[in-house]
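In what follows, a single structure is set out as structure tokens and then discussed.
A, B and C label the chains in the order they appear, each numbered from 1.
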Amino acid sequence: MIEHLLQSPPGWIHFLIFFCLGAILLAIVLGFVTYAILAERKVLGFMQIRIGPNRIGGRFGLLQTVADVFKLLIKEDIIPKLADRPLFILAPILAFAPSFLVLAVMPFSENVKFADIGVGLLYYIAVSGISAIGMLLGGWASNNKYSLLGGMRSAAQMISYEIPLVMSVIGVILFTGSLNLTDIVEGQKHVAYMFLSPIGFIVFFISSLAELSRTPFDLPEAESELVAGYHVEYSGFRWAFFMLAEYVYLFAMASLMTVLFLGGWNPIPFLGFIPGVIWFALKFSLIVFIMIWIRGTFPRIRADQLMEFAWKVLLPLALLNIFVSAAVKELFLK
Amino acid sequence: MELETIRSYDWGIMAPELIILGAATILSLADLLMPKKASRRYLAIFAFLGVACALVALFMQLDNGVISILADTYRFDSFSKAFKLLFLIGTGLILLLAFDDRKGERDEYRGEFYYLLLTALLGAMMMASSADMITLFVGLELLSLSSYIMAGLRKRDRQSNEAAFKYVVNGGISTAITLFGMSYIFGLTGETNLYAIQNALGDPTILQNQFLLVFAFLITFVGLSFKIATVPFQMWAPDVYHGAPIPVTAFLSVVSKAAGFVIMIRFLLVTFIAAPGVAEKPLLQEVQPYLAILAGASMIIGNLIALRQRNIKRMFAYSSIAQAGYILVPFAVISGLMFEAVWFYLLAYLFMNIGVFAIIQLVTAKSGSTDISSFAGLYRRSPWIAVCMTIFVLSLAGFPATAGFIGKFGIFMSALSTGAHYWLAGIMIATTVVSYFYYFNVIGQMFFRSEEEAGKVSIPGGVLTVTAVCVISTLVLGILPHTALEFFYNQFDLSQFFTPTK
Amino acid sequence: MTGEMIAFFILALVAICGGVFMIHSENVVHMVVSLIFTFLSIAGIYILLSAEFVAVVQVLIYSGAITIIMLFGIMLTKHDPKSEKRIAKSRILAVGTGVVAFFIIMFLAINKLSFKQQDVELYVHNVKKIGIELYSKYVIPFELTSILLLVALIGAVVLAKKDESEEMNEHE
């Protein structure tokens, strides 16, 4: 259908259709975010032998997050007097918008995808980099030394881990010979790339944890030790925007990992009768679960260890992965 | 393009560049693995050996005709070998000079200096041996970037910091301007190969944009004039030459400047040789007045401001602006004599200027100041050094029986050969006369002032070699210029320069 | 007026405004933010030209680079907008005249631009074509660029690293 729409001449109807499609995706993503937060709290509770949210919305606390968000929205909107007002307002938008923009290229199944562009993977990496600017900007515009330090910390982490993240997918690009995400999934018909480039997968997974600033790399907002991060001065719905961006990135990153390494909507052999979207959802949920699991079990690492780990461990490993992947391709896939 | 096609090229022709690259790589590794406290001075010898090997490799290739690799992204022709020779000799001499510069042994001559010098040389060599806009530009940037860092290596010296900063800011602006001009040339023709551009400029549809072409030419020229330190990009030179360590200053004023002329000649002449201008005249003829104004302004500004300098390094910085102005004259006039005039002058300039800086290094290291008074009474203290300095200064001033005279004479003749450029030749004579004042001031200091501080200036081996080579070459080129010119005529074939490889 | 034209005008306007704000504002961070808008709209113009690879690389490189510039801007400047020097009126006038003259010349020059027949198939398999060109025909400048980057890296380390003797002095 999208194909057809793209071919026909432009008009207001088209604009409306695209707008609605975007709105539907946004609704799905928001739904995911709502229940991802709940799931996270539930799983963490389970791991720490607690019950977790259980009051609002029945036994399982199904409406807990909705209530939390509602609380955030009706909170007073505070902008510090000495803050740089325009930038203070701009920062959350700049942090959130890219997180939703990257979803445009994500193929969820053969049919459910929006923009099928040739440089999809590169687009994801490029656009997601803009968020770091939003965080740094938020930290600076608050005119508070703690938020500035937090912003610096986040920017340093984002930039450092982006490099192994990009390097680790080069193996996948080598196997497929394309940057198009659909082509990458198609290339995994027989075997998922996590088996062909395991080093790449591990490096990517670790770097993605850091990019999402999740435990053990959650220094940008270590609320218990470092007076939170770039968003100390934010409250209400502006703060919610930063948090939303983070969870939308969780959604996007888990989807990307599914697409790149777990074979996207491709089924496990002999189970091809189950539709692709379900497979995608299963693999995707598995990754989200593992990320929550890691949060429940790992301690936070120190800032200097954080940098050393990116530059001295992950980057060489990612470079090694490029070499190994090229060898694998030459020896086995020709 | 198949792998076979790529393999079929004669990659051996890149030997000089590859040797330099290899030497730089080994040096960087050696610097990393050596014990921290060990002196890095002996890395200079290794770097010198690398340059010498590259020179030998180049001599072995001299008899080859035009060899082009991958659509002229690397091109070996008479032009490239003539100028690569200059770069290699210049850098070799500068390395010897650096070997004996004990003043800054503690920090500025750490290993980095030697391999940055080699990468800068590599950039210059690529600028000489390519006929592709992209390679030329990357070579230019490699040279520039290495030079920026070398200028700022003396980190604890405020002047050096200032020099590096001014250099990098000015360099950035000039690069932007160059690139802006180049983008128009590329945009109009859609080609990066210089010969393809030359060819495309004959296309009648493109030729309707003559106005834009003239504009692109001038913008590119102005951008490139940064490297040769002429008007309008001359202001960085005095500060940078003053602040940088002396071997770096020598490198900037000789090799880097020659590389600037090389890229100007190669890029602008090859692309625009056949392009018509706005009026009926060819483009290159049409822009001549502008180039002549820039050349004249460089000569006047360089020589007049040099008169007022008390600092010897600044004085020679302004002198080098003026010298670049002289070399621009044949470019502004464009005649058949141009290539030999430019080449010969650059060769002569290489020897005399490196010689001057070698002696400045000796004398200022002894006295601890770069004021001109440190030369006072040098003749009584160390007569031989004073005599050598006199020879170099006379050569820079253009006195007969020195290389500088023959060079200036060649330029002068080329200015007169095409006619209607008498005024430019006039400016040249007038500014040369002006330059006598400050050049003779140095000589006067050495011979007629009483010494303020006693003490003979001792001359270490490396500088001695450099000075000896430079003195002998300056005199030989001055008395027997045909030795170099014959070599040039034998090796240089103008048709190789302007026509693409078949 | 087609949609492409509208998109172009919006992007061009944002790019120019970003540039003007960048020059005009006195606060380093504001300058950088204006730059972001300029770079992003230039990326948008590349997309209009079907050069998706260049567009994405533009965003990729500049979003990282801008963050770094901003970090440096914050670290290296004083947060005191009043310390700006006033620029003389005559100088503004001179520069303004220069800019206007430049604009007029350029406008006259590009107003009657004519091109050869353009290659219209270039956008098909854009990335692949760029890759093939880069690794075959332009492999020499490509490798030379890697040396260039290495030099820049070494240079940055050399200039920014503290000397050991300096460190020792600080400890004493």
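We take it that a residue touches a chain if its C-beta (ideal position, glycine included) is under 8 Å from a C-beta of that chain, and two chains touch if they have at least 3 such contacts.
Model, not experiment: these values are computed from the prediction.
J.: Along touching chains only, what is the step distance from chain A to chain B?
T.: Minimal hop count between chain A and chain B: 2.
J.: Looking only at C-beta pairs that count as contacts, which pair of chains has more of them, B-C or A-C?
T.: So, comparing the two chain pairs, more contacts are at B-C.
J.: Relative to the centroid of every protein C-alpha atom displayed, which chain's own C-alpha centroid is closest?
T.: C
J.: Need the CA-centroid distance for the pair chain A / chain B, whole Å please.
T.: Between these chains, centre-to-centre, one finds 53 Å.
J.: Centre to centre, by mean C-alpha position, how many angstrom separate chain A and chain C?
T.: The mean C-alpha positions of chain A and chain C differ by 28 Å.
J.: Among the residues of chain B, pick out those that touch two or more other chains and give their numbers.
T.: In chain B, no residue touches two or more other chains.
J.: Contact residues on chain B for chain C in the complex?
T.: Touching chain C: residues 1, 6, 21, 28, 36, 69-71, 73-74, 106-107, 110, 112, 115-116, 119, 122-123, 126, 130, 132, 134-135, 138-139, 141-142, 145-146, 148-149, 152-153, 155, 164, 188, 190, 200, 203, 205-206, 208-209, 211-212, 215 of chain B.
J.: In the complex of these two chains, what residues of chain C are touching chain A?
T.: 3, 27, 29-30, 33, 36, 40, 52-53, 56-57, 59-60, 63-64, 66-68, 70-71, 74, 125-127
J.: Which residues of chain A touch chain C once you look at their complex with the stated criterion?
T.: Touch residues, chain A against chain C: 10, 84, 87, 90, 117-119, 122-123, 125-127, 129-130, 132-133, 136-137, 140-141, 148, 152, 155-156, 158-159, 162, 178-179.
J.: Once bound in the complex, which stretches of chain C touch chain B?
T.: Against chain B, chain C makes touches at 105-106, 108-110, 112-116, 119, 132, 136-141, 144-145, 147-148, 151-152, 154-155, 158-159, 163-165.
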